[in-house]
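A short worksheet on the structure shown next.
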Amino acid sequence: MKADLVIKNARVVRHDGEFHGGVAVKDGKIVLTGSDESLPDATRTIDAEGRVLMPGLIDPHCHLGVKFPFAEDMRTETAAAASGGVTTALLYIRNLKESYLPFYEERKALGEENSVIDFGFHFGIQREEHIAEIPEIVAKTGVKSFKCYFGYEPDNPIGIVPATDGWVYAAMRILAKVPGGVINVHCENTQIASWIKKEIAATGRQDLGAYTESRPAFCEVETIRRMIFLAEKTGCSLHLVHTSVGMGPVLAAEAQARGVHVTVETCPHYLTRTCYDEDLDMRAKISPPLRDRNELEGLWAGMLNGSVYSLGTDHVPFLPKKLEDLWTEFPGVVSFPWELSLMLHFGVHQRGMPLSRLVELNSFNPARRFGLWPRKGHIDVGFDADLVLVDLDEERTVTHTGKGTCIYEGWKLKGWPVMTVARGDVVYENGVVAETNYGRGRCVTLPA
Amino acid sequence: MKADLVIKNARVVRHDGEFHGGVAVKDGKIVLTGSDESLPDATRTIDAEGRVLMPGLIDPHCHLGVKFPFAEDMRTETAAAASGGVTTALLYIRNLKESYLPFYEERKALGEENSVIDFGFHFGIQREEHIAEIPEIVAKTGVKSFKCYFGYEPDNPIGIVPATDGWVYAAMRILAKVPGGVINVHCENTQIASWIKKEIAATGRQDLGAYTESRPAFCEVETIRRMIFLAEKTGCSLHLVHTSVGMGPVLAAEAQARGVHVTVETCPHYLTRTCYDEDLDMRAKISPPLRDRNELEGLWAGMLNGSVYSLGTDHVPFLPKKLEDLWTEFPGVVSFPWELSLMLHFGVHQRGMPLSRLVELNSFNPARRFGLWPRKGHIDVGFDADLVLVDLDEERTVTHTGKGTCIYEGWKLKGWPVMTVARGDVVYENGVVAETNYGRGRCVTLPA
Amino acid sequence: MKADLVIKNARVVRHDGEFHGGVAVKDGKIVLTGSDESLPDATRTIDAEGRVLMPGLIDPHCHLGVKFPFAEDMRTETAAAASGGVTTALLYIRNLKESYLPFYEERKALGEENSVIDFGFHFGIQREEHIAEIPEIVAKTGVKSFKCYFGYEPDNPIGIVPATDGWVYAAMRILAKVPGGVINVHCENTQIASWIKKEIAATGRQDLGAYTESRPAFCEVETIRRMIFLAEKTGCSLHLVHTSVGMGPVLAAEAQARGVHVTVETCPHYLTRTCYDEDLDMRAKISPPLRDRNELEGLWAGMLNGSVYSLGTDHVPFLPKKLEDLWTEFPGVVSFPWELSLMLHFGVHQRGMPLSRLVELNSFNPARRFGLWPRKGHIDVGFDADLVLVDLDEERTVTHTGKGTCIYEGWKLKGWPVMTVARGDVVYENGVVAETNYGRGRCVTLPA
Amino acid sequence: MKADLVIKNARVVRHDGEFHGGVAVKDGKIVLTGSDESLPDATRTIDAEGRVLMPGLIDPHCHLGVKFPFAEDMRTETAAAASGGVTTALLYIRNLKESYLPFYEERKALGEENSVIDFGFHFGIQREEHIAEIPEIVAKTGVKSFKCYFGYEPDNPIGIVPATDGWVYAAMRILAKVPGGVINVHCENTQIASWIKKEIAATGRQDLGAYTESRPAFCEVETIRRMIFLAEKTGCSLHLVHTSVGMGPVLAAEAQARGVHVTVETCPHYLTRTCYDEDLDMRAKISPPLRDRNELEGLWAGMLNGSVYSLGTDHVPFLPKKLEDLWTEFPGVVSFPWELSLMLHFGVHQRGMPLSRLVELNSFNPARRFGLWPRKGHIDVGFDADLVLVDLDEERTVTHTGKGTCIYEGWKLKGWPVMTVARGDVVYENGVVAETNYGRGRCVTLPA
């Protein structure tokens, strides 16, 4: 057998361990993993020179097409993702129309025309009809993951329609019967946050900490507890997105011990930044907000002890921030290109997190959670050849040239992706994602 | 590259999934896993005909050399184990002398002269000196797993020296500092059990249920809770052996959620037999006792939801039972040859347990727990070629011809191992373990 | 000393025990409790003939002036209360104006012109301004008890303004600093209930069970949990009014064990009626709804083990029910005259509840909770002479002639009040409350 | 009616409140409580001059006759108790003979010949026969309270026979069926403590902290948890004597919330002394040991929030300590005369504990717990006239002249008892207990 691509002489890292050797790829899939001497001939053979070869990252949480045209974001941002080792991106997308079916077809088509990497969708529940439509959506699109939003006031400028507990309950009741169905919840008690915001805004404060203090950690904890209660009641599987509080993984672990199926996502920014960092201002406004060091350390505890389930970037390219008023500034930052590097630097190098745990967080768990297993998220026979080659020792400085707000500009990080392989194609090497890759990505949320 | 052995056309099942294809073995180790077309030539190539290929079982809990000579048991019983798909056996062995070092050398040597499969040791703490010796034992034998016994009265005829809470505490305090160190505890509150036994024995009852009722489930629950408390206090990793109560996995899951490192083992008999089964009598006396259906179902819940960590046989070949008096009868049964088959029949076929979960319980988790990772417990490049080929559909009747007491005689089970490969050698095929295999097993608990 | 009133030869029952003898009253207060031979001469001496003398009931939960004029209700309903042994009534009253101060003055004046018995107020938080006004309300009215309503949809026909979590949080934060301050919450998750109601109403069902199933027990449990969380966060004292679910007292007991100050009220109807009672229809609609037998028994468990704190009638005289449509029917029933009798019949006689526990629930605890201690709620030197004489053996049939809906018509109950003494005046005897008593009641929530 | 004794012009404090006025006593019982003007004539009338009148203390935990003759201790120590405001003492007594019945008769007779105050018994379970005898003991002596000892090694010089879990379980099973039955447990895991003692004693340390560190707080916590588990399992009422750890009241409160009947006693020394107090040495050895400030504060939290149930002195007059070796020194201190004063000084004055809470801890709760209600523990019509008059402002220095070890010598305390009345007799006034009082005390644990 002659392979299309062989990568040899690698430290192959998977969620459960590692070996020295390599992989052979044919027709976009891995056909063999083995010791170097067992690897076959190939059209292209890459010598990893002992560097780390991991499954490509699955970023299960990003927002594209929010402020810039969707088609455009699907080019620029998926290229950025590929440069960061991301080989699959799952988008939270929202649609105010009665049905999600036309929207799905449109976004799928646009995505496949433009995207560098594979992609899929979660759908936001934005009106009552969306709940009733869930079974049909599952059947006709393969999307089984729905998001309810609690973090936004009714008149928020982003246009998000906030959920009620009734919506969540009704959706959970339906999703509990869908194999692989999952409800995602943005947990913040906005009724309380609105009250506090009114008080703090009245003081005239404009510092980033003021924003955080206006929606304190206990607001998120309260909603997490409420959602876990409803998940327990309905038997629905619950995913807590962009968890920013240390109690999140603790509450989830306790609930899991009682048999509740609940998982915790956190994001690189909650692990690397606090609202009191001196160089940050309203540019770093995100939702939920950056927290303090105590919450940050709580999240790291969950990263290291297994109670954080997965990482998501919450990457969202907004127009440049206006820097006029903390309270009306749009929230959101971008992080595709540095997500992996941040985790290598702060997790692997600084805190001794095993590389296999990082693979679990970035690839294995997202694939299991969102129906991509046994196709993505692993380096194994039969899986898509989605791979990232990592130089653990490379030191490079973050320089952001793309859209959106970067909160790491100028940081020197150790550990960077040097090559990304997506379904067998080398889409990123020598620091470049070639434009020829636009439109090669395929939608992975498909009807069964 | 020409391999020594290739198994192809298999449904290769691992703890985290499966693929169709095969493995190549050279020098006793797996060098490649791949699709059929990617497999190399080999000295011997076996066509699995689509059957299941799993990692060989690691039985982390057996007792050999208790009533029959150790050397003899290491022949007869490891052959029985090999016929059941077991490729590594970990023995709980006890020694009343001051030091474990000579005992280790002797047992290791005798084992390597006789055993069919690889083997290793846990040591029982039988006197105070053993606790102080732990660091030296770890350094000079590689054994990091020690057992304390609560289930026996001081004058028990087996000669087991029961632990005190002081022993457990002292051992935990030391083991908490040993990387990979683990305390195993036989959990039963014997002070309470003794009291109740006196009452029930006085009634003249001789049925198996009388024995169980004399050491009720809450006695085991109490000691589990106490051990978890001490593990939490000392930071020591705790393994609850032969758990027979449904609360075991529940309590462990709750403790894990608080950050306590505690794992639960159960045994095939607690999952398939109750003390009220009409065909059973004092022959089926074991320690802890068979329980009722409620406890059995609680354990299955833990098998399916992940809160049971691993399976052990507690295989112990005693002399034939005397059948004279329930209360003085020796406890213990054998199950090497049927352990896997029982789990295939009752777990996989009857309860829909995924095969990958069975691999996790039988191979992956025991290897991780007892320092055999990344050498055993997985089918992957660089691992020992310890494999078992399984025919899921074969139906065969249990017939016990060896030593010890079998409590499944005449049961027709579906799903049997048909070939066992140990470090690349086919040690069991066509229903036979050849005598040439005696003495090929090697001790796996070795100084670093 | 010559007393105004002596009651002798009584079984004097208090929250913590009982004795045989009597009390002497002078100037409306108890001056002495003693054995019969120690009692002084008095203007009127009543021989209790061995019957039970208890502290008068404090009904901490009623609604007067909702549909009928306040002044009128304060005559008719307080007379009804006096006939039921109630000597103090605390009214939940609401006011949509910006300030509560004029409303307090008006209601206090009207009450003192008309009421037979002493009375006081809790105030409903109905707009943001009410929260900021709390400190001034406390100072100028003595009212320290505020209610937030979660059980009503925004457009409810009663005109109740539902609370937000923001309101509750803000009110709790203030009340946590008020000695004796307490937040009362009507706990039901109306967002979920609205969703379910829509579904059930669409089926055309008009039976009482349909109403209950449209706002199931878990909706109340959810809100109880949320409120306890906020009470714990803010340090505020929380009172769970009209608790209808068995988990209520359980959750409160757990929270108390953690140091949260939370108390549970339930009502006679939740202890004596279920939504599936065959003789009931939409007439018995109340909010929260009658539940099933399981919840009823859970509440009785709390009555007997101490985890229910107090009883309230939730007495509300609405216009006669229309009996046209379950879903638009107004909720609410009356129970002043039978509350005590229901508890004597079903609690003391049927379930063996000690009389002293009934005094605790009806008098001692409400007095402690709402600032009436050490003036009311006890038979002791210096306390107001608020007393009820009870004939434990009298059997009488419930016949309702007053306003509002009675759900016990025709029930034969054992144990009835036969005389009520309010601040030393015999206001009810021989089955009659004389009209001369109108206007003798005084407001007990007064500025310090 | 002419009374024997009237105390007037007092601040009468009870567990649930207070009033100004007084009490009238006839034939040893209270016949009246009332305002000053309502009090009758009496043979002796005492003007309290506004000072506090409380129920006499019930000390539910002392040991008399351990080293000195029982008859002698019943004179000297009950006189000391009376001087401290104690009017009833409950003795933990032990007997190694098969039956408790002769022992009870003997101790009862000796007590009634010598004691100044009323007294009763708890019995220690010291051999298996004592457990079987419980029903007969209850019937023939009225003693329903039994103690099991875990804090002593088998060969302890005091001669205490330590319990097994089997004994506790068996006793609990029986006591669960005895109305008012209670098991008392001395909670310490002596198996662990023995191990640690061996280590610490080997260092040569002789300081008091060494003794405490040899039996650390977690040993007591472990046994408390185990006992609560058994109480929950058997339904038996559990009393945790001389609790020295802050987790004690916390665990009890959690268990109570689950419906377990468990109460916590602590002692004045655990609330006022730590093992690291610089002036203390092996003289202050007690069992369980004095702890550190953290445990002390935890106990005060329980004193103030209600989770400590009652106070006991654990008064035990040993021979003078030898001061030779920490490890063999006998444990135990005396505190009858200062118990109340210590609580007034450190609780009421220093920490603002309400006097009514102190009455609850010292009189009301012990009476309820140990079958003395409604006869003792309260100032109310029909109760024994057991009273103590307290001067809250008196400052006096502790000077110990009696037997045993005092650990407060020279402390200036504020708040002292000035008169003690026992069943209507003034037994202590002007600083003296007259010898004429010897033999007036009566046994209160009597067959029904």
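Order of writing sets the chain letters: A, B, C and D. Residues in each chain are counted from 1.
Convention: contacts are C-beta pairs under 8 Å (C-beta built on N, C-alpha and C of every residue); 3 or more make two chains touch, one makes a residue touch a chain.
None of the values given here were measured: they were computed from a predicted structure.
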Subject >> Same-interface partner of C-D, chosen from the options A-B, A-C or B-D, over half of the pairs matching >> reply: A-B
**OP:** Report the inter-chain centroid distance for subunit A and subunit B in whole angstrom, where each centroid is the mean of the CA atoms.
**Re:** 40
**OP:** Calculate how many whole Å lie between the centre of subunit A and the centre of subunit C, each centre taken as the average of the chain's C-alpha atoms.
**Re:** 53
Original post:
What whole-Å value do you get for the distance between subunit A and subunit D if each is reduced to the mean of its CA atoms?
Top reply: 62
**OP:** Hunt down the residues of subunit C that sit against at least two other chains at once, touch-wise.
**Re:** none
**OP:** Could you tell me which shape the graph of touching chains takes: line, ring, star, complete or other?
**Re:** ring
Original post:
Any idea which subunit A residues touch subunit C in the complex?
Top reply: 164-167, 169-170, 189, 191-196, 218, 221-222, 225-226, 229-230, 233
Original post:
For subunit C, which residues are in contact with subunit D within the complex?
Top reply: 1, 3, 12, 15-21, 24, 31-35, 37-38, 40, 250, 253-254, 256-257, 259, 305, 307, 364, 373-374, 378, 380-382
